[in-house]
Amino acid sequence: MSITLYNYVLSGNCYKVRLLANLLNIKYETVAIDFHPGKEHQSEPLLKLNPAGTLPILVANGQVFTETQAMLVWLAQQHDPSCSWWPINNANQLAAVVQWLGFSSRLSATIGELRLHSMLNNTINIDSAQHGAKICLRELESHLTEQRIIGQQWLTGDQPTIADVACFPYTALSPDAGIEHDEYPLIRGWLHALRSLDNFLTMPGIHELHELGSTIRDKT
Amino acid sequence: MTGLEHAQKYWYPVAMLGELNDGQTKNTQLLGTEISVCGSNEESVTVSSAGQLLAVQCQYDHVWTTFSDDPYPLFAIPEAEEPGRRFVPCGVVRVSCSPLRAVENFLDIAHFPFVHTGVLGAEPHTEVYKYDVQIDEKHDEVFATNIRFFQPQASKSAEGSIETEYIYRVPAPMAAILYKTCPPKPEAMDVITLFVQPIDEETCDVWPWMALYDDTSTMADLIQFQQLIFVQDRSILENQLPRKLPIDPGHEIPTKADLTSIAYRRWLKKRGAYYGALEKI
Amino acid sequence: MTTEPIGLAQDLAPKGVMRAQIGHADMAIWRSTSGVISAWENRCPHRGMRLSHGFVRGESLACAYHGWHYDCDAKCHYIPAHPELEPPSTIRPAIYSVVEKAGIIWVNTAGTATPAELPDRLLGLRTITMQCDLSTAAHAIASAAQTNAALFNGSVNDINSDQTILSLANPNGTDGICILFQQPLAQSTVIHVLAHDSYSQNELIAISRWCESVRREAERIMQSSNKVEPAK
């Protein structure tokens, strides 16, 4: 089985794929694409793979994926025998997962864009992105509040799914875009829970938790 | 002379040569002033501010400009002439912090295990051993030597963890250069620089640039390695308080590991480099 | 009243770190692994990093930048760059008085924290931030309480007579919910909502959604009153 991810280290969308692959212990190759400053994702060789000119691109056993959500579904379906990350046996939950996958695109379109603007000076409509980002984070906070009321820690149940993975990056990265998490206590708890999972993977802007280093420290 | 007047006497990077595009004007800011960069190459590039042309020079893959008629010369990087090195401009990253805080962070090694975990440092290897800092009188630069640090992945070309040696130079208030162990060529050192374009006292555009011996990594790999490191720093830099750098002792508590930062702050104070500093003169 | 409610106790789990602001005081509030809660000035004495970005290790809060470890008394006891060094006892961020009572975290930046008296049997529901001033928020809450007969009987009781704690009775006229106002920041109001332990899950969800409606209404009023720029 060969899996190749055309990757950019600062991209939250590429990170979704790396994160899930890591959580599920899936081996894959990466090809670094010079998104910034080189705009290589819009060069002819890359456009041949993905005419949309976006990253990530995943080539799995010869099949080319250009939508992150499809990559997450494929990875989970192939590599999670427990069917907990992509809960195909539960219609209600499965639909909820797809609902949150759709929501994750709204996070990219708002927080993701604002982040590129604050970090790389891309031109965007700041007001509408900020407004959209706030609507998204409030919705997420309210949903997590309701989940807590019914005793569930994750977006769609008591186990994390690819919905949590898809919504995590841009929510966690919002401070890069100037949107702090101070107003969103439930989001903070959810981010912390995700960062505490075994095989969690960091990216620039999302530091390691470091909480477990105490054993190292106590020995010295 | 105010901090601003002092800062106006230096050269600053304002664009990457590779991003110049015929017919396209890049509008940006320098020291709180709007400027425009036009032209398509080294020969044709101009920089102007309020209709006035500013002095321009192209060095180290970047376009540099100054507001002064009699600026301090742009610092030399002799390694930029060495055949066999690969020169890697890494693009720009905007950070909401004082340009001086960005430089000071670049001179710091004690944060490696916590901010660049698993790459430039890792617990339990956190100790900063004694090193030396001087002012190089001839060039009037801060110069730190004999720095050694344990690194899990010192560079794209490193295979496994090594003890890395570092040398730092601060040739201008808003630029820093480091030399570090070059895994594929032990007799030489890799060069990594941080060129800072001060947008204003609390915002900067940072242009990392490298001159490496590495014949195997792709350009995209090299750039991303550096961007990964720098963007890990960004979330720290945007959360330091106060946003401006305190250069008088007393506001913050340094230790022996911070000798370079202490020397840098003193050196800034001595030359009146108060732009981006908490104190005013 | 100088003791302020800054959050729900349940929103700060062991190993959690959060940030709060009271007036000009920017603070880091954290809970140790064993549950001890502390509130400090949000600035590491070393190089000024916000301590609210730090991480909890056992009974210490460590700074995200260079990993200096501070114990629950705010004393720095470990500097990773100098593992053998006993740090001078002068290295400590300013500390604030903090107590946990009735499901709320209370902080006083200028003295000992003394929590307000609250009715019994309340449980934390949620904290919500509104882009409007306190009086607009309080008005929106009071008028929304009149129009939701399924949840409230319409009576609003100003517990401290200073609009900092409102209690809304449920349809039976008994304890319903309690709303605590945090001292407002520029153009925003933070409220902490507590609900009586007899509500069902469905009712709690309805109250949470009611809070969101109230926020939308308060922000609409704020925008149209032209007191501030439209909220973005």
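To keep things simple, chains are lettered A, B and C as they appear, and every chain counts its residues starting from 1.
FYI, contacts are C-beta pairs under 8 Å (C-beta built on N, C-alpha and C of every residue); 3 or more make two chains touch, one makes a residue touch a chain.
In this text the structure is predicted, and so the values were computed from the model without any measurement.
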| item | value |
| --- | --- |
| Far-end chain from chain C, centres as C-alpha averages | B |
| Central chain (by mean CA position) | A |
| Inter-chain centre distance, chain A versus chain C - centres from mean C-alpha coordinates, in Å | 28 |
| Euclidean distance of C-alpha centroids - chain A vs chain B, Å | 31 |
| For chain B paired with chain C, centre-to-centre distance based on mean C-alpha positions, whole Å | 40 |
| Junction residues of chain B - those touching two or more other chains | 114-115, 123, 235 |
| Where chain A touches two or more other chains at once, by residue number | 207, 210, 213, 217, 220 |
| Numbers and ranges of chain C residues touching at least 2 other chains | 64, 67, 83 |
| Chain C-facing residues of chain A, complex | 127, 130-131, 134, 138, 142, 145-146, 149-150, 180, 182-183, 185-186, 188-189, 192, 207, 209-211, 213-214, 217, 220 |
| Touch list for chain B against partner chain C, complex | 108, 110-111, 113-115, 123, 126-128, 235-236, 239-242, 246, 251-258, 261 |
| Chain A-facing residues of chain C, complex | 7-8, 11-13, 15-16, 18-21, 55-58, 62, 64, 67, 69, 78, 83, 125-127, 129, 190, 201, 204-205, 208-209, 212, 232 |
| Sites on chain A touched by chain B in the complex | 8-10, 32-34, 36-38, 40, 118-121, 175-176, 178, 202, 204-205, 207-208, 210, 213, 216-217, 219-220 |
| Of chain B, residues touching chain A in the complex | 16, 18-19, 89-94, 96, 114-115, 117-118, 123-124, 205, 218-221, 223-224, 227-232, 234-235, 238 |
